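Structures incoming, each one as structure tokens.
One chain, chain A, appears in both complexes that follow, with chain B as partner in the first and chain C in the second.
== the complex of A and B ==
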């Protein structure tokens, strides 16, 4: 079925979708209803009070108070995505110095830093197979930067859960180090907030960047949240010289349509689902345990603490070499079984996610992978 | 809101509820008793709204 010249997308209705980029952003029925209603351009601005974040019809202002509370922070603004939240902080903080990040950082963190004029330094991971970042290494790296440049970094960034291995790093330890050195701390929660409970200030974070379309059951466009602690309000949420109500770092008003409504509509559901995070981790661990019955090796920390699973799969690579469809065989074998979300052609290493699947679906996925692998 | 408009949105929203059932039961859509009941309830709702709009437009 087509929509004009475009193919209808029915991946969520017709398949089990394992794409880690998409599982946490699957919308709720309420989000889709909000999107239908607020689909037109600037639909959210019917009752504009001068800026998006102070709008009360629909109640964006009230939503932002609730979100701040949910994240254990003091203030929040909607952004066009997580990267825009990170960039906003970096731009406001940058003195043209440096930023210390983790080696598993998302590319958009690095690009944002470059755009903000910050030199990027990285805390390394421990390499294959776990690729773990040790939060305590932040202290040593901060000292190294001081020795090299004469100054401490302008900002520290930690990727709470990275998008490559799904490793969860303890932000509390990084937060403490940042306090000791008086360096502000930005926590990138693109793969964590909205899935698991996060109380930012308790973790020592000054800023929290969130992705609505990745982890808050939101869609209809891009949407993010930037939440901050009180002491940074003046610097990060500063209004324009002639436009006091328009925060500079989000260019006055950020997401001006259905994606913000989708996030607001999904929020009650998100508040509940974070309470079931342990169950999501159990599903990921179950799948990994099942997959290792054949020649499949998990990458990233073990046991898993997140639904994003990266695996090294010699079993499928071996089959691909003798298969007429070559590397594409796995994609088609899975698709025939109603499973989708992996990049076509990949058989050596790939990423999947169990987030939001029922136990029946997770068990079926495990059985399918094993069956294709010849178990 | 005009009732025909309201009923149109109601139908669109019911379809989202139906879509959710297909999402939860993908890929085989083997429905349990509760899900079957819910699907039939949704379809009834859509039919009723359709009938209302048909009557209104035909007058």
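== the complex of A and C ==
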């Protein structure tokens, strides 16, 4: 069906969706109700007290206290998304020096750093097939930067779980190194917080960036969280010179509508679901184990510690070469089986996610992949 | 009714809403359908081509061409909102110098300028009761800045229609002055584009910032537009060094969900409604004329050229002093009559908007205000 020129979308409603960008953001029924109820612009400003983060009807102020507790941090602000949280920190911190990141970082980290005038250095991964980042390598790289530029980096960033391989890196070790060198530490949790439990200060993080629409079941209006430790409040959450209540790094008020309400409505579910994280990892490991029965090679760390699965799939590539639909055959074969969420046309390497699927669905997905592979 | 801890919202559905923040953003039925259909996170990324603005399913790329035509500009990108569009320009342009704005500018313009490292200078208004900004004063102020700092400002900003008095300032004269001094010109159209027709380049604007949720019937997920003239494409829409397709000033991809779809779904209606702008102004003028039958004084320019009405209301203030509900009486009196959208507790001075109301509704609002005032 079309609205004007635009086709209506049908994914979660009718399919098993494996798109890693989308599985952790899948809305809860309460988030959907909240979005529909607060659907108009500036809907959360009905009872404005002068700024978004101090609003109490709806209780955004209370929610932000709960969220910073949940993340094991001291203060939190809503942002337009995870990248906007990262940029906010980088912009406030930047002295025009450098930032040390992991090689698996999301492109938006690199773009944010460039926008904030920071030169990007990278801790490498160990390449095919695992692409693992060793957190201990941060120390050596910090020393290298000091040697090259005369200064320590302005900031260190670690991608807690990367969006390419779903590798989980231990932030504690990076946190310790950052403390040793007195360099502030930003943990990008786009694929972790909201899925698994995170206690940021215990990990040594000064700043935590979160993605509402990637991992907090928060719907499609952009929303993220920036949580910080107390000592950084004045620098990162500073208000305008003439607008004290308006934090500069979120341009005063970030989410001006339903997206924040969606995150608030889903939050009770998110707090519960992180307790079931081990089960989510089991599902991913099960699927990988099943898939390797045919000519499919998992990429990223083994065993997996996350639901994002990247696989190298010679089995489908071989079929595609002889198929009249070419690379698109896999997309259609899966769609016929009610499975969706992979990039159409891809048969050599692709990413999927089992997050939030039932065991029955995971088993069905495994069977479907094997069946299409000719097992 | 509550969702978890949060009360469901009921405004447009059951009331005549006069909140100036909300009347121009009121969703169309098609926008509501689009939001519900694309309710999940990253829902517009199903057919990603590498960046938001080049996506063709849904046809974001085509929409952006239509929008820049509609605004009389050359290129457009979606932003997280109007303030984010303004900040994007300021950040890209800033040499750490100054920006010349009008005294009626929105706080977010000032916060954005501060974040971009620009010192803010202001063209004053003429004070009570009209608060008018004379566009010709920009020339003198530019000279003053040159004298004081040794340089012309990095950027000039004009608030086309301000959010405090609803005053409309002629951008053409500011555009001419900017051209004379070779200073780039940013026109903030948060309260104008989407309501009235704007042809930016004809007005001499280099950049146009638009608010989806304030004036484009685009719903509550943050959304705005930044439209520019051709000569600025390289500077303002520049991609990342290692991510050429990802514009730095929107951190690669801005709206990652339903908010952009809502704007796209409403766009055919917006294109039509700007043709009926004269009628909207007539409604505002009618209401002001009616209200001044009792002890109410309009603020801002007279006659009005916009639906945003600010009034000084001794009549209600006098009643409030003797009323058991004090300042809140007016809010409840109006709510009892099915009218909502003013700040509860305000009786001395407040803002309302007639945008999008039928003539019957405007007349009913006028009668209600007069009745409550004891006419």
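FYI, the second predicted complex is superposed on the first by the 373 of 375 C-alpha atoms of A that agree within 3 Å, B and C clash if a C-alpha of one lies under 4 Å from a C-alpha of the other, contacts with A are read in each partner's own complex, and residues count from 1 in each chain.
Going forward, contacts are C-beta pairs under 8 Å (C-beta built on N, C-alpha and C of every residue); 3 or more make two chains touch, one makes a residue touch a chain.
Note that the structure is a prediction, hence the values are computed from the model and not measured.
By the touch criterion defined above, A:338 lies against chain B but remains apart from chain C after alignment on the C-alpha atoms of chain A.
After overlaying the two complexes on the shared chain, residue contacts for A:26 are found with chain B and with chain C alike. Applying the stated contact rule after C-alpha superposition, one finds that A:359 touches neither chain B nor chain C.
In the superposed model, A:14 lies in contact with chain B only, and not with chain C.
Partner contacting the larger number of chain A residues, of chain B and chain C: C.
Judged by the touch definition given at the top, the superposed model places A:36 against both chain B and chain C.
Once the two complexes are laid over each other on the shared chain, residue contacts for A:114 go to chain C alone; chain B is not touched. Of the two partner chains, chain C is the only one touched by A:261; chain B is not. Across the superposed pair, chain B and chain C both touch chain A at residues 12, 26, 32-33, 36-37.
Chain contact summary for the complex, chain B toward chain A: residues 9, 12-13, 16-17, 19-20, 22-24, 26-28.
Across the complex, chain C meets chain A through its residues 3-12, 19, 21-22, 25-27, 30, 32-48, 57-59, 80-81, 83-84, 87, 91, 107-108, 110-112, 114-115, 212-214, 218-222, 240-243, 246, 248-249, 251-252, 254-259, 261, 264-265, 267-268, 343-344. The part of chain A that touches chain B in the complex is made up of residues 12-16, 26, 28-29, 32-33, 36-37, 337-339, 358, 361.
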